[in-house]
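In the two assemblies presented below, chain A is common to both, partnered first by chain B and then by chain C.
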Partner chain A sequence: MEDPSPKILKRVVKIKNPNGFHMRPKAAFVEAAMRFASDVKLIWEGQAFNGKSMFELMLVAAAEDSEVTLEVFGSDSLLALQELEKVLAEEDASIPS
Partner chain B sequence: MEVYRGIPVYPGVVIGPALLLDTEGYLIPQRSINSSEVTEEFERLRIGIRDAAIEVRSNQAIIADKVGTQYGAILGAHAQMIEDPFLRNEIESLISKSYFTAEYALSLVMRKHIKEIQSLPDARMASRAADLFDIEKQILGKLIGQRKEGLNSLNEPVVILAHDLSPSETAKLNTKLVHAFATEAGGRTSHTSILAGALEIPAVVGLGKFISEVTGGDIVIVDGNSGLLIIDPDAETLKRYQKTKTDIVSLDASLESLRDLPAITQDGVEIKLLGNIEFPHETKHCLDKGAQGIGLYRTEFLFMGKDAVPSEEEQFEAYKEVVQAMGKDRPVVIRTLDLGGDKLAAFSNLHTPEKNPFLGLRSIRLCLRNIGLFKTQLRAILRASVYGNIQLLFPMISTVLELRQAKMIVSEVKEDLFEEKVPFNKDIPIGTMIEVPSAAILSELMAKEVSFFSIGTNDLVQYTLAADRSNEDVASLYNPGDPAVLRLIEMVVNAAKHSNVALNVCGEMSGDLIYTMLFLGLGIRQLSVSPHSIPEIKQFIRMVNLKDAERVAKEAMRQQTARDVNNYLREQTRKLLPDSLMN
Partner chain C sequence: MRMSDFIVRSAIIPELNATDKEGVIRELLESLCRNGCFKDVDVEDIIKAVLKRELLGSTGIGEGIAIPHTKYIGVDKLVGVLGISPSGVNFGSRDGEPVFVFVLIISPVDQPVVHLRALETVSRVLRDDPLVKALRACTTADQLFEQMNQYSKM
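Now for the complex of A and B:
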């Protein structure tokens, strides 16, 4: 069920978490992103950050109600986009321990 | 090339690779590796990261369980960062491009990320830098742990460089591999310095900050004659020092010819020269240098660097070894436990922290409060006394009552041994250290209680001038030549003479040539010094005329300041000795 001709998929997502896109939602995001083969990028204030690197995401200081752009490219991009959008939009995303 | 000037504490010159020690006694890792070690370093990094992540995840589970999942999740985020492949790539590229160690590359990469985060405009996000520090510590801990770079894992000859070495760390140095040491802190009479003498390795202390300027593996020169540390010497300096090394060997050889000659003044007065020791194996060194006995066996070193108090048997074996090595006749003065202040670190179970340890429960005071501990030591000493000429010495006596109490406990132990039919010398001579001003002032009374005195100059100077000898800010007050110290010493000499009590002087002052004429002139006929100084002092005594020494002592006693005393004594000493032999 691989997409034969992958394209870059983009989606603008609003951060819902009242504390902004902080450590725990970031960790949940990275965890989810790692499950996909596709490249995952977050674009915030015009800068792109690797969605699979906690270190890079540490630099994304997106507050509540601000917007980030999710950019996915790869064989499973559609699925990844749907899944990651859900994590980003979640009010209190957290990785399971 | 960088040259640092400090305080020389044991002579000699050593040229060798530096090994850096951190404040917890771990070796500070080197910064670079050889190009052939890149793969190995990658593997170390992989394992370090893996182990750090495992540990953080297991902590995550514990915390989630205890206080809630959301708290555990923070550690989950840490684990993710630790395992971040981008982090690993960054570190690996520094290792392979710059040949840095995993530790150093990690800290460089983390420093970069920390800076980035700290510069974020959102204060709360910026404060996440703390998480990165934590992560760095986790991985570093695993990397360092892998190497287990304690001092016991040395496998090639090195020069140890450290901010400071505790006496117990110093005591544990393996001198087969540690050929010299140099420290940023410390003074001439700190216990670490005394131990350097015991270990017989060139050492320089009190050098001030230099650790950040040196990298493990750098070639350094420790010049224990002039008190220099030279980092990364140039070719010319290196050549000069290689020649110095040869010269020292020949000077030692000339002093060695003195070994079997007596320490006798020009006008025929014999001075007894004994050795101070910390460990039984030093008896050999004492005999090699011509010591006529052991004037001070500092038994506390038997207790240091150990988790438990040594048993009676263990102590007995050590004391027996010393006395047997010295033979039937040569005196062996065993000083009972003198733990206190700076030496107590390894002994915290016996002692609660004090605001003012040097004026606190230490030494004989500690023993009189822990009779069991004291009796164990006294039993061991008394049992060993049948093997030769052991004399018993109490440290830090400050009142007559204390001295009587200590003696009473000796009597009790003797009775116990007698009842148990264990042999011991019932006439064992008992003496007291005179190292607290009150004891010096009351020496006339103290003399009625004992058969000998031993003046401990280090503590006497410290307590007389109320100056901590290891505190660099007041160290200049700590001066053995101070007229107050000299007057106390004179009182003790006179009291000993009147009461016909034997008198010894130990402590660093007794090994310092500028005070030798003063001591002789005051009437002191026995000195106990670090074994390595014996030949030098003997050579000097053989040049001195007692009449001159008496005149010098009289004049020195008339001086009003330590500086005047020292200048005068130095000048008088120089008249007899060529400069090259003076420190």
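Now for the complex of A and C:
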């Protein structure tokens, strides 16, 4: 359901993947983010990156146990926040990065 | 981290001959191998590992750039090589466009942070459109290294 008066939703997420937030989850994140109308940002080390741009996310070298802030704004922000948090919290390290 | 910390100058290829994904990966890895970057390692095995990684999703990140990579058990330090394809190669990039600038990275399996930083460094440097244009205009490995290094320092 669309929220008629969206607010910026934020969630701090700890990276659990031993390989960090590497290229494959980044691609999965962009793909998931593109499914939502909301604006998606990732904040890492004080800088904001467009969550719908692979090129920008490549600049987020967040290692295991580091934290990133997911920031979502738009009509479907709640659903986007929930889905994108799952992608960020992925733990699988069994496949190459 | 700077690109010059891990890009092997003598392995840089200013004009790739390959016209497909496997060919580009092979050409870049064989160049690293010729330049003594892998000891007691079967280059065919690394080629397979990089191709296997590509099957999980193309490392073509768009805007004519690809960063094929893998972590490999037989290497003890991060190494990379830059290669330019004058005519572009279909690499299955996210934006569907051909790739002209390749940076292939091989890193040790036990250094995930170094690996992440290397990918970040390459992406940060190659975000600069004038640099990418300048790289594509270079005709020698030395020119490519100097251009890359100049921007890498900024």
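A few comments on the model shown:
FYI, the second predicted complex is superposed on the first by the 92 of 97 C-alpha atoms of A that agree within 3 Å, B and C clash if a C-alpha of one lies under 4 Å from a C-alpha of the other, contacts with A are read in each partner's own complex, and residues count from 1 in each chain.
Assume a residue touches a chain if its C-beta (ideal position, glycine included) is under 8 Å from a C-beta of that chain, and two chains touch if they have at least 3 such contacts.
Because the structure is a prediction, the values reported are computed rather than measured.
After superposition on chain A, the partners chain B and chain C collide with one another. Of the two partner chains placed around the shared chain by superposition, chain B and chain C are both touched by A:59. In the superposed pair of complexes, A:50 makes contact with chain B only, with no contact to chain C. Of the two partner chains, chain B and chain C are each touched by A:24. In the superposition on chain A, contact of A:82 is made with neither chain B nor chain C.
Clashing C-alpha atoms with chain C appear in a single stretch of chain B, chosen from 134-142, 296-304 or 512-520: 134-142.
When both complexes are aligned on chain A by C-alpha atoms, chain A residues 20, 22-24, 27, 30, 54-55, 58-59, 61, 63, 95-97 touch chain B in the first and chain C in the second. Across the interface of their complex, chain C is touched by residues 18-24, 27, 30, 54-55, 58-64, 95-97 of chain A.
Here chain C touches chain A in the complex through residues 49, 52-53, 56-57, 59, 61-63, 67, 69-71, 94, 112-113, 115-117, 119-120, 122-124, 127, going by the rule given at the top. Those residues of chain B that touch chain A in the complex are listed here as 60-61, 64, 69-70, 72-74, 76-77, 80-81, 84-87, 113, 116-117, 120-122, 124-125, 128, 131-132.
Of all residues in chain A, those touching chain B in their complex are 20, 22-24, 26-28, 30-31, 50, 52-56, 58-59, 61, 63, 94-97.
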